[in-house]
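Next come two complexes built around chain A: one with chain B, the other with chain C.
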Partner chain A sequence: MQPEKFYYDNKIVRNFGIATVVWGIIGMLVGLIIAMQLYKPEMNMGNQYTTFGRIRPLHTNAVIFAFVGNAIFMGIYYSLQRLLKARMFSDVLSKIHFWGWQLIIVSAVITLPLGITTSHEYAELEWPIDILITLIWVVFGINMFGTIFKRRERHLYVAIWFYIATFVTIAVLHIVNSVELPVSLTKSYMVYAGVQDALVQWWYGHNAVAFFLTTPYLGMMYYFLPKMANRPIYSYKLSILHFWALIFIYIWAGPHHLLYTTLPGWAQSLGVAFSIMLIAPSWGGMINGLLTLRGAWDKVRDDVVLKFMVVGLTAYGMATFEGPMLSLKQINAFAHFSDWIIAHVHVGALGWNGFLTFAILYWLIPRIYQTELFSKKLASFHFWIGTLGILFYVVPMYWAGFTQGLMLKEFTPEGILKYPNFLETTLRIIPMHVMRSIGGTMYLVGVIAMAYNLARTMMQGSLVANEAAQAMPLEPFKKSDTELAWHRRLERKPIKFMIISLLVILVGTFVELMPTLTISSNIPTIASVKPYTPLELQGRDLYIREGCSNCHSQTVRPFRSETERYGEYSKAGEFVYDHPFLWGSKRTGPDLAREGSKYPDAWHYNHLMDPRSMSPGSIMPDYDWLITQKLDTSLTVAKINAMRTLGVPYAPGYEKVANRDLDKQAKGIADNLAKDHIKVSSDKEIVAIIAYLQRLGMDIKANKTPEK
Partner chain B sequence: MRYLKGILLLGLVFAFNPAKAADDSLLPADVMNYIGYGLIVFTLILFVVVLLVVLRAFNVLTKVVLKSQGYTEEQIAAEMKPSKKEKKDNSQVWNKLLSLRPLSEEKDLLMEHEYDGIQELDNPTPSWFMFLFYSTIVFAVCYLLIYHVFGIGQLQYDEYKTEVAQADIAKKEYLSKQANRVDETTVKLTKDPAVLASGQAIFKQNCVVCHGQHAEGKVGPNLTDDFWLHGNKINDLFKTIKYGVLTKGMLSWEKTLSPKQISDVANYVKSLHGTNPPNPKEPQGIKMLDVDSTKAVTKALKKA
Partner chain C sequence: MFKQFTENIDGDQVYLIASMGIFVVFFIAVAVLLIKLRKKHVDYMSDLPLEDGALNSSNTLTL
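Let's look at the complex of A and B:
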C-alpha cells in the first residue's frame, strides 16, 4: 500500500492564534479597567456604557470565550489534524467556524455595554446570540467529527478524548442554560425561576469552568507537552482513569456555588462531597504532565516554553486543590462572596489557561512560520513578569478576602456587629485592590510583549499555509485484530466514545437537576409572596440591565452576622417569580435581598444620583442617567404575557391595565419624592428602580410587622 | 530570623485583626490604607527576596557539601551545571514514594503505539495517587452519612439556631456584667463632657450625611431649632434614633449602635439646641419647649 500525501491546514490555526492574542489583550485591558473602578469610581467614565456592572461581564466573556475560546480552537485545529493524520474535514466549515466565533464575540462587545444581558453569569448573551453560538458549535462539531471519520490513525489519542468530552458537554450545558422565553429581540426571561434557575445556572457555570477552561486545555496539554519536551506520556493508565473520573465527577460539583442558600440541603451536600472527590481526578492531569517531564527537567531550565507549561500545570494543581477546600462549608461560609474567590479563579485563569496558551503560541507560531522565535529574551521577560504579575495579583486578593470576610462576621461583646456599615469593610480593602491592579498591569505588559514578539516572528518567517504530510491510509479493521483491553477497543469508535461520555455527564446532571426542577416539595411556597407589579418588573429589568447583581447579592444566608446585618435569612418560596434569579456571586457592596423600606425613597434617589452624597467614600458609580432617561413601557404588555406563560399568576387580561397600574404606582413614588423637595417626573427610569428596590424582601417583612 | 518572624507576625496581625487600629481610632482610615499598601508591597517583595535567598542558599550549600566530600573546584562547577551530564539517580526514596520506575527501565514500558510521534508509557497509576483518590471517596461517603443518614452534622438551619442561641447566651452574660444597659425608658439627660464628646464622634460619623455638619439639617431636619417631629425629650430622641421613623426617612440604628452609644448621641443632640448654625433648614414639626432643660431650670429655681 502506498502512503497518501495530504496537507495540514495551518492558516486556520494561525487565524485562531492571532484572534487569541488580540482578544486576550482586549479582555485583559477591560479587566484592568474594572479593577481600577473598584477603587476609583471615576474610572466608570461617567457614562452608562462603561460602568462596572455592564463591562464586568464583558471582561469575563472576552477572556473566557474570546481569549481562551480562540486558543482552544487554535490548539485543537493544530493537534487534531496531526493526531489523526488528516486535514480538517472541510475548509469551508473551518472558515465559518472562525468567522462565526468572531461574530459572536463582536456581538458580545456591542450588546453587553448596551445592557443587553440575561444576567446569567458567563452566559449573559441574549437569545439571538445564544442561537448563533449553538449553530457555530454544531459547525465545530461536524468539522471535528468529520476529521475523525476520515482519519488515518486507528485509535484516538487521549487529547481527542478530552476534545470530544468538551464538545458534547458544552453543547448540553449551553442548551439547558439558555432556555429563555423571548420578549423582544434583545430581551428574554429565563424559563426557570429562583432556586431552580440558580441551580441550572451554577450547574452550567461550574461546568463551563470544567469543560471550557479545563478539559480542552488538558487535551492540549497531552498533545503539546510531550511534543515540547520530546518525552513519552508518563502513564496511559492514569490518562484513562483521570479522564473518566474527571468528567463523571465534575458535573456533580455545581451546587458548591450555592452553599447556605435556599437550595435543598441534600443537593448542597452532594456538591460538597463530589467536590472533594474531584481532587484526585483533577490532579491526575497535573501529575501525568509533570511526570512526563521526568528526565527532561534540565530542558525546563533553558526552555521558556516548558517554563510556562510547568507554572501553568502547577497553577492548575493549586486551583484544583483550593476549589474543593473552598467548597467545605466552614471555609465557604466566609470565603464565598469575597475576594478570595476572585483570587482563586485568577490562579486558574492567569496561571493555567494563560500560561498554557502562551506556551503553545510560542511553540507553534515559529513552527508554522518555519522560523525561530524572534526573541527568546523577550519571551523570558514575559515569563517572569507574568509569574510576578500573578503573584502580585493573587496575594493582595487573598488578603482582601480574608480581611473583609472576617470583618463582616465580627461581633462586639454587646452582641452587635462590629462593622455594621458594609462600606467600612470595603474601604479597608482598597489598598489590596490597588495592588491587584498593579499585578494585573504586569501580567498585561507581558502579554503585550508576547504580541510584539510573535508579530516580529511572523514577519521574519513565512506561513506554511498548507503543510505537506503523508501517512498510510487506514486499512479496514480485521476481526482477527481484536484487542483485549476494553478501552483500547473504545478508542477506535468515536461515536460510541461520544455517546458514553454524554451518558457519563448526564448521570450527575439528572440526579442533581431533576428533583429540584420537578418535585415541588423542594421549594416550599409562601402565601404572602406576590408577583411583581408592572413598575417593579420594569425596575427589575433595569436592575438586570445595569448589572447590579455583579456587585450586590440578593440572598441572605442563615448566619447570625447576616441576619443581623440584612434581616431574616432568605426562603426558597420568596424567589418563585424571579425569572431569572438575581442572587449574584460576589458582594462588592451589601446584600439587597431585604432592601425594601430600609431607606426612604429620597435616600435611594440621592444615592443613585451620587452614591457618595449618602455614603461618603462609596465606590459605586453614579447612575444619574436613570433620572433623565424615560422608562420604556412599550414592552409592559409583552413582559406580563411572557411572565404569565412562565407560570407567574397575573390575572387574565391584566396586561391591558398593567401600564395604568404602572403609572399610578410611579405617580405615588414621584409624589413621595416631591415631599422631600425632589422634583422628578414619574415616567423616568429612576422611579421604576426605586419601586423595585423598595419591594425587595417585603413579602416576608409584611408578615412580620404585627410583631413590633 | 527572629526579626523576620516578628515582621511577618505584625503583618498577620494587621491582616487578620484589622479591627484593632480602628478601634482605638489612633489612625484615620486613609493612613491605615497607606500602611496597608506598604505592608502588601513589603510582603510581596519579601516573598521574592526570600525565594532568591533560598535559591542562593541551596547553591552555596551544594558547594559546601560537595567540598566537604573532597570534590575539586572543577568538579563542583561541573556538578552545578548538571545539564551536561545526567545525575546519579540518588533519589530512590523519592521514586518509591511516587512509585516511579527508574528512567533506565523506561524502554520496557513504552507502548507500541504512537501518535504524531508521541509515545505513551505503561506506568501504573501512582499508589499514593490511588490512596488520595480512595480517601476522598471515603470522605465523601462519610460526609453524606454524617449529614443525611445519621443526622450527626447540623444542616444550615439547625446550625443557624445553634449559632444564635449561643450568641444570645454570651450576650446576656456580658450585658449582665455591664452597667450601660439603657433603653428609651431609663435613659438620662447629662452634660458630662465625656458623654458629649463620645456623642459628637458618633454624630460626625453617622449623622452628618443627612443632618449636616452642625445639625443644621439637610435631607433630615434641623436639630438645633425649637421644632421637632418626634418629640424633644431625651427619651423621645433615644427612641427615634433606636427604632427610626421610616416613613419620614429616619433610619433605625438599633443594629448599628450600642444602647450606650445611642444614649451618648442623643445627649449630644440635646446639647446642640439653640446653637444657631449657619444655613439652617426651614423648621419642621411643631414648636416644643425644652422640657428637660426647663425642668432643670425650674429645679434650680426651686432650690434657689
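Let's look at the complex of A and C:
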C-alpha cells in the first residue's frame, strides 16, 4: 500500500487566529470601559447604548464567544487535521463556519447595546441569533465528524474526545437554555419561570464554563503542550480518567450558583458535593500538563510559549481549587454576589484561557507562515506585563470582595447593621476598582503588543495555505484484530464515543433538572402572588432591556444580615410568573426583591434621572432617556398572549383590555408624581419602570397584612 | 464541613446517595478500563500528537 499525499488547510486556522486577536482586543477594551464605569459614572458616556447594564453582556459575550470561541476553532482546526492525518472534511463548511461565527458576533455587538437581550447570563442573545448559533454549530459538527470519518489514523487521541464532548454538550446546553417563546423578532420570553428558569440558566451557565472555557482548552492543552515541549503527555491513562471524570462530574455542579436561594435544598447539596469532587479531575489534568514538562524545565526558562503554558496551567489549578471552595455554603454566604467571584472568573479567563491562547498563537503563527517569531523580546514583555496585569487585576478584586462581603454582614454590638446603607460599602471599595482597571490595562497592553508582534511575523513570512503531508490510508478493520480493551475499541468509534459522552452528561442533567421541572411540590405556591399588570410587565421588560440585573439581584437569602437590610427572605412561590427569572448574580448595587413601596414614586423618578441627586456618590448611571422615550405598547397584546401560553393565568380576552388597564395605572403614577411637582406624561417609559419597581416584593407584603 | 451535607438535605437523601452511588460505579468502571489498557497501546496513543505526517516539519515522520 502506498502512502497518500494530502494537504492541511492552514488558511482557516490563520483566519480564526486573526479573529481571535481582533475580538480579543475589542472584548477586553469593552471590559476596561465597564471596569472604569464602576468608579466613574461619566464613562457610561451619557447615552443608553453604552451603559454598564447593556455593555457588560457585550464584554462577557465578546471574550467568551468571540475571543475564546475563535481561539477554540483555531486550535481545533489545526490539531484535528494533524491528529487524524486528514484535511478538514469540507473547505466550504470551514468557510461557512468561520463567517457564520463572525456574523453571530457582529449580531451580538449590534443587539446587546440596543438592549435586545434575554437577560440569561452568557445566553443573552435573542431567539433569531440563537437559531443562527444552532445552525453554525451543526456546520462545525458536520465538518468535525466528516474529518473524523475520512481520517488516516484509526485511533482518536484524547484531545479529540474533549472536542467531541464540547460539541455535543454545548449543543444540549444551548438548546435547553434557549427554549423561548417569541413575541416579536427582537423579544421573547423564556418558557421556564422563576426557580426552574434559574436552575436551567445556572446548569447552562456553569457548564458553559465547563464545556466552552474548559474542555476544548484541555483538548488543546493535550495536543499543543506535547508539541511545544516535544515530548508525549506525562500520563495517557491519567488523561482518560481526567476526561471521563471531568465530563461526568462537571454537569452536576451548576446549583452552586444558587446556594441559599429558593432552589430545593437537595439540589443545592448535590451541587456542592459534586463541586468538591471536581477538584480531583481538574487537578489531575493540571498535574498531567505540568508533569509533561518534567525534564524540560530548562526550556521553560528560555521559551516564552512554555512560560505562558505554565502560568496558564497554574491559573487553571488555582481557579479549579477556588471554585469548589467557593461552593462551600459557609464561604459562599459572603463571597457570592461580591467581587470575589469577579476575581475568581478572571483567574480563569485571563490566566487559563488567555495565556493558553497566547501560547498557541505564538507557537502556531510562525509555523504556518514558515518563519520565526518577529520579536521574542516583545513576546517576553507580553508575558511579564500579562502576568503582572493578572495580579493587579485579581488581588484588588479579592480585597474588594472580602471587604464588601464582611461589611455587608457586620452588626453593631446592639444588634443592628453597622453599614445599613449599601452605598457606604460600595464607596469603600472604589480604590480597589481603580487598581483593577490598571491591571486590566496592563493585560490589554500585552495583548496589543502580541497583535503587533504577530502581524509583523505574518508580514515577514508567507502563509503555507495548504501544507503538504502524507500518511498511509486507513486499512479496513480486520476482525482478526479484535481488541480486548473496551476503551481501545471505543477510541476508533467516533459516533459511539459521542453517544456515550452524551449519556454521561445527561445523567447529572436529568437527576438535577427533572424533579424541579416536573414535580410541582418542589415549588410551593403562594395564593397572594398575582401576575404582573400590563404596565408592570412592560416595566419589567425595560428592566431587562437596561440590564438592571447585571448589578441588582432580586433574591433575599435567609441571613439576618439580608433580612434586616432588605426584608423577608425570598420564597420559591414568589417567582412563578417570572419569565425569565431576574435573580442576578452580582450585587454592585443593593438587592431589589423588596423594593416595592420602600420609596415614593418621586424618589424613583429622581433617582433614575440622576442617581446622585438621591444617593450622593452613587455609581449608577443616569437613565434620563426613560423620561423622554415613549413606552411602546404595541406589543402588549402579544406579550399577554405569550405569558398566558406559558401558563400565567390572565383571564381569557384580557389582552383586549390590557392597554386600557395599562393607561389607567400609568395615569395614576403620573398623577402621583405631579403631587410632588414632577410633570411627566403617563406614556413615558419611566412610568412603567416605576410601576415595576414598586411592585417588587408586594405580593409577600400583601400576604402578611391580614395576619396582623 | 460535612455537617451541611448530612443536615441540610431536607429528607431527600435519596438523591444524594443515589448520585454518589452512580458516581462510584462510574469511577470504578473507568478504573477497570484503565487497568485493561496495554502499555503498547498507551505509548502509541501518547505519541500521536508528535507524528502529524507533515512533510516540511521537523517532526519525525513514521509511516
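One rule holds in what follows: the second predicted complex is superposed on the first by the 705 of 708 C-alpha atoms of A that agree within 3 Å, B and C clash if a C-alpha of one lies under 4 Å from a C-alpha of the other, contacts with A are read in each partner's own complex, and residues count from 1 in each chain.
Definition applied: a contact is a pair of C-beta atoms (placed from the backbone, for glycine too) under 8 Å apart; a residue touches a chain by one contact, two chains touch by 3 or more.
Predicted model, so just to flag it, every value in this text is computed and none were measured.
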Most chain A residues touched (candidates chain B, chain C) | B
Considering only the touch criterion stated at the top, classify A:W283 as touching first (chain B), second (chain C), both, or neither.
-> first
Using the superposition on chain A described above, determine whether A:L417 touches chain B (first), chain C (second), both, or neither.
-> first
Now for A:F248: first (chain B), second (chain C), both, or neither, which partner does it touch?
-> second
Please work out whether A:P232 is in contact with chain B alone, chain C alone, both, or neither, and reply first, second, both or neither.
-> both
If you stack the two complexes on chain A, which partner ends up touching A:V507: first (chain B), second (chain C), both, or neither?
-> second
In the superposed arrangement, which partner chain does A:H487 touch: chain B (first), chain C (second), both, or neither?
-> second
Contacts of A:W603 with chain B and chain C, given as first, second, both or neither = first
Using the superposition on chain A described above, determine whether A:N466 touches chain B (first), chain C (second), both, or neither.
-> neither
Looking at the overlay, does A:P3 come into contact with chain B only (first), chain C only (second), both, or neither?
-> second
Using the superposition described at the top, list the residues of chain A that contact chain B and also contact chain C.
-> 79, 82-83, 85, 153, 155, 157-158, 223, 226-227, 232-233, 236-237, 241, 245, 265-266, 268-270, 272-274, 277, 329
What residues on chain B touch chain A, complex-wise?
-> 15-16, 18-19, 22, 29, 32-34, 36-37, 40-41, 43-44, 47-48, 82-83, 98, 100, 103, 106, 110-111, 113, 115-126, 129, 132-133, 136-137, 139-141, 143-144, 147-148, 155-157, 159-160, 163-164, 167-168, 170-171, 174-175, 178, 209, 219, 246-249, 251, 255-259
Using the touch rule from the top, collect the residues of chain A that touch chain B in their complex.
-> 79, 82-83, 85, 153, 155, 157-158, 223, 226-227, 232-239, 241, 245, 260, 265-266, 268-270, 272-274, 276-281, 283-284, 287, 291, 294-295, 298, 301-302, 329, 388, 391-392, 395-396, 399, 402-403, 406-407, 410-421, 424, 427-428, 430-432, 434-435, 557-560, 563-565, 569, 597-600, 602-603, 606, 613-616, 676
Touch list for chain A against partner chain C, complex | 3, 8, 79, 82-83, 85, 152-153, 155, 157-159, 222-223, 226-227, 230-233, 236-237, 240-241, 244-245, 248-249, 252, 264-270, 272-274, 277, 328-330, 367, 370, 464, 467-472, 484-488, 491, 504, 507-508, 511, 515
Chain A contact footprint on chain C (complex, rising order) | 1, 4-5, 8-10, 12-13, 15-16, 18-20, 22-23, 26-27, 30-31, 33-34, 36-38, 41-50, 52-57, 61, 63
